[in-house]
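Across the two complexes that follow, subunit A remains constant while its partner is subunit B and subsequently subunit C.
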Partner chain A sequence: MRAAVRFAAWVYAIAVYGFIFLPVVVLVLFSLQATSFPIPPFTGPSLRWYQAVLSDARLTSALVNSLLVAVLSSLASVTLGFLSAWGFARFVLPGSAILRGLITLPLTVSYLIIGMGLLVLFNWAGVPKSLLAAGIGHVVINLPLCFAIIYSQMGDHQINIERAARDLGAAEWKVLLMITVPVMAPAIFAGFFLSMTFSWDEFVISFLLTRFETTLPVEIWNLLRSGLNPKTNAVGSLVFAVSIVLVVFFELTLLRRKPA
Partner chain B sequence: MSAPLVDIRNVSHRFGQLPVLKNVSLAIEPGSYTILLGPSGSGKTTLLSILGGFVTPSEGKVFIRGADCTAVPPAKRPTTTVFQDYALFPHMSVGGNVGFGLRMQGVDGAARAAKAREALALVGLAAAFDKKPHQLSGGQRQRVALARALVVEPAVLLLDEPLGALDLKLRRQMQDELKAIQKRVGTAFIHVTHDQEEAMALADHCVVMNDGRIEDEGPPERVYARPATRFSATFMGESTILAGTVTEAGNGTVTVSTAVGPISLPGAPPAGAPVALAIRPEHLVLGEVKSDVALGTAKVGDVVFQGSFKRVLATSMQDPALQFIAKAPASATVQAGDTIPVSCNAQDIILLAD
Partner chain C sequence: MASAGNNSSALPWALVTPALAWTLLFFVLPFIAMGFSSLTAHEGRGFTLANYSQFFTDPSYWRAMVNSLEVTAIVTVISILLAYPFAWILAEQVPERWQRLALMLAVLPFWTSYVVRSYSWLLVLAQNGVINRALTGIGLVGEPLQLANTRFATVTGFVHFFVMLLTLTIFANLKQLSPSYRKAAADLGAGPVRTFVHVVLPLTLPGIMVGTFLTFVLCIGDYITPQILGGNNELLMPQLVMMQIGRRGDFPLASALSIILMAVVTIAYLACARWLKIERA
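Presenting the complex of A and B:
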């Protein structure tokens, strides 16, 4: 009886993890296919499709675009998120709780709604569809995230540290740059890497707000319209690999416990 | 030395509706060690924050070296603070911490390091220059905070309960070192504490605060021997307090009627004035009356052996509300439950307006 329960538990666990990871495994596996169709039987391993991806100018420029948008929008998100978190943590503001709620609200709104809203707004304001527009969209979705992460780590115990710096003659911007930012570095890096992750494989907003130059997820979607082939698998695997790296950085920076 | 180093004039402060300082005036002399002593909520920490520039008082002015500093931000005033939680910069080395103030003044790296090492040597931590704050013990962090605040040569060093987080033995040891360092550097120290032993051991000038006011100030010996108010008689050391009314006054002597009978002592209040008589534990004599003022008899409630003496708590037989706190020699044979006569000398009684 006990053995049967154990057996069932194992089957259940394998089924759950299989359900979650099988699509990714299949994607990665058939990106190594040697022949032209990503269907069984497996004929690889071969790196020919990765070579095809990297020699495709459209895909590589989309990859560079994606990296650029991810890095710049994350820098903007983390800077603005940090400054707003610092403001809320250090100053008594009227309606502080409501304002904090408002700043994190975009986390609960679907990307489609945010993308449509920005599309209408940019259209009205005369901002053309571009990577910049998509980057601004990514700041809209990632700023609340950076704010929430940094604000949660900004405790009262840092107040006296900042006071000590001021007391020793530091101007306010020096207090921020030399004391607050280094002390908050783990949360700031965590916010940055998580923003990078979300910006890197964000599709809807980029799709709505870019036209000629576009990001990698949009380019993959273009590629998929002409049907599945191992090249789409290869570029998908690359996107996945970069996401994994970013998530690992995020985990390392946020979860690393400093000795007290 | 005509003008005081720090001159606090008629300072009042409110947090919202709550008054925390009520018209406080205080002068600090150069090179002095001043203790602000009081229970929590007495306003002593607020007064220190006002001196450090972290709080701007609702009313009144603060002059440092003759300049009006009332609204000058902390970065621009000649004070530095040693915070209760030390507030060391966790991401910098000990040397970086101590050199921070000099760095803000634009002192170059080599001169900074030399001065930081000198300051660390002063507090006995020369070897810790390259360590990180988390590698140090509480007492060592305390010293780093002290070195960091002293290295910029402030006019006044402010210490906010600096020994509060240390265990008793370390606290007494750091107390002696603080005093020695203060004498060596000659900077005026203003130190906030609620520990009256710390106050007596360190202060040149002791300021007793209660409920937003200065109750008493002066050399600790004077504050202890002749406290100005009832609060200061009970907070700075213990006292037995006898309430009474003046019945006769004249020729510098008064007679006070109390629950244990009339007591004559030197004093000036007019007849009819309500007064309180405070007697220090070491001045109460237990047993056969040999001194000049009899205080009736008392039933001993508790005897606590304290090493060099015994602390005796006794309740008056004449007035059960009257508690005697006495210090008996370690060899005394007094025991809980004994009924004994209590007396003292008239010159040891402290006459307080009630």
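Presenting the complex of A and C:
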């Protein structure tokens, strides 16, 4: 009986792993296709589609745009999130619970609706579609995330260190920069990296708010119009690789520190 | 927690104001703008409820909402049924030291680009894609099946994403359960099946509800998966919204449809919240 359960469990787990990895394996395998269609039979391996991606100026500039938007919007999100988390955690403010609720509210609204709202507003205010507009949208979705992560990590025990610094005559900005930021570094990094991955992968807001200069997910979307194409496989595999590097880095740097 | 109590009462406000201002300016204000827009006509002046009445009277618009709710319900149920046993195996059957790795592998494709993930399923499900080649190859079917551009494809793409998400949340839930509950149940004479049904399952139910709500919200608001995998054979709500902007530039109607979609999510949230409270009592 026990052995039968174990056996069934293994079969089931392997089947689910198979389901989870099937599309990724097919994607990467046919990115190495030598002929023009990413469908069986496999004719590779060949790197011609990776060359095609790297020599495509639209894709490479979209990649740079994506990185730029991701880094800058994440910096803005984590800065605003950290300052507000510090303010709410250390001081008694009237209506604090409602205001904190307001900051985290965008987490419950889908990206499509946030993008639509900004599109309507910007259209009405005459703000042109641009990477900046998309970046503003990315801060809207990532600020609540950064705030929630950092606020939840602001324990009372850290207050004492700050008090000690103040008692020793440190000015408020000095306490912030030399005590609070270093103590909160893991939460700040976590917020930053999560924001990076979400912004890097975000599609619908960028799709609605950019026009000529755009981000990588939107450019990949445009590529899809040409149907199944090994070039899309190649760029998809590259994006996958970047995400994996980010996640592994995240695992190794942040989760290792956790026991400390 | 007050700590400083020093002379600068302006400081706390200086800290929280930028984030609040950002939220008001780029989240609340757009929402108000969308509300106003939804009450105007695409062409013409004055306020009107025409955009809303169009949704409630035009059956093809209704159909999109019904499709969305159906797909979301199907996806949620299948994802939970697939993910729960999987998370259980990871938490109970996989040796402790391999669990982190097993879990990380199980959610690895979660971190690939969302657009690319849907495209990958298109490769798998296409007319001459991997699955059809395999099926015709072993002679199971004579003609390739129409898998892409169907509801089946949309559901498959969604389930793939949400199985990973739910595995994460349910796994975390199972690991939080103290083993003493199970020991107590065993001591009182319950077999593994009874222990699971009467002890483990009820204790993980709140976690399942959180996962269900997350699945519902993310699924019903997603444009990418139905557009890439389902095509335009049957429209879901987000596709209908995007269509108003893309083809016709009809912002008022798109705004009205967005607000209706959000209202549905809010109702689901309230329903879930109530259910959760009852569950805990």
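Just so it is clear, the second predicted complex is superposed on the first by the 243 of 260 C-alpha atoms of A that agree within 3 Å, B and C clash if a C-alpha of one lies under 4 Å from a C-alpha of the other, contacts with A are read in each partner's own complex, and residues count from 1 in each chain.
Methods note: a contact is a pair of C-beta atoms (placed from the backbone, for glycine too) under 8 Å apart; a residue touches a chain by one contact, two chains touch by 3 or more.
None of these values were measured; they are calculated from a predicted model.
In the three-chain model built by superposing on subunit A, subunit B and subunit C fit together without any clash. After the chain A superposition, the centres of subunit B and subunit C are separated by 100° when viewed from the C-alpha centre of subunit A, nearest 10. Once chain A of one complex is fitted onto chain A of the other, the partner contacts of A:Phe198 are absent, as it touches neither subunit B nor subunit C. Annotation for subunit A, partner touching more residues between subunit B and subunit C: C. By the touch criterion defined above, A:Leu22 reaches subunit C but does not reach subunit B. In the superposition on chain A, A:Phe189 makes contact with neither subunit B nor subunit C. Once the two complexes are laid over each other on the shared chain, residue contacts for A:Tyr151 go to neither subunit B nor subunit C. Of the two partner chains placed around the shared chain by superposition, subunit B and subunit C are both touched by A:Arg166.
Contacts of A:Leu112 after superposition: subunit C is touched, whereas subunit B is not reached. By the touch criterion defined above, A:Trp49 lies against neither subunit B nor subunit C after alignment on the C-alpha atoms of chain A. Distance between subunit B and subunit C in the overlay is 6 Å (nearest C-alpha pair, rounded to whole angstrom).
Comparing the two complexes, residues 163, 166 of subunit A contact subunit B in one case and subunit C in the other. Within the complex formed with subunit A, the residues of subunit B that make contact are 52-54, 73-76, 79-81, 83, 85, 87-91, 100-101, 104-105, 134, 148-149, 152. Those residues of subunit A that touch subunit C in the complex are listed here as 6, 9-10, 12-13, 16-17, 19-24, 26-27, 30, 38-40, 80-81, 83-84, 86-93, 99, 102-103, 105-106, 108-114, 116-121, 123-124, 136-137, 139-140, 143-144, 147, 156, 159, 162-163, 166, 172, 197, 201, 203-204, 208, 216-217, 220-221, 224, 228, 232-233, 235-236, 239-240, 243-244, 246-247, 251.
If you check the complex, the residues on subunit C that touch subunit A are 1-4, 6, 8, 11-16, 18-20, 22-24, 26-31, 33-34, 37, 82, 85-86, 89-90, 93-94, 104-106, 108-109, 111-117, 119-124, 126, 128-130, 133, 160, 163-164, 217-218, 220-224, 228, 238, 241-242, 245, 251, 254-255, 258, 261-262, 265, 269. The part of subunit A that touches subunit B in the complex is made up of residues 157, 160-161, 163-171, 174, 179, 182-183, 185, 258-260.
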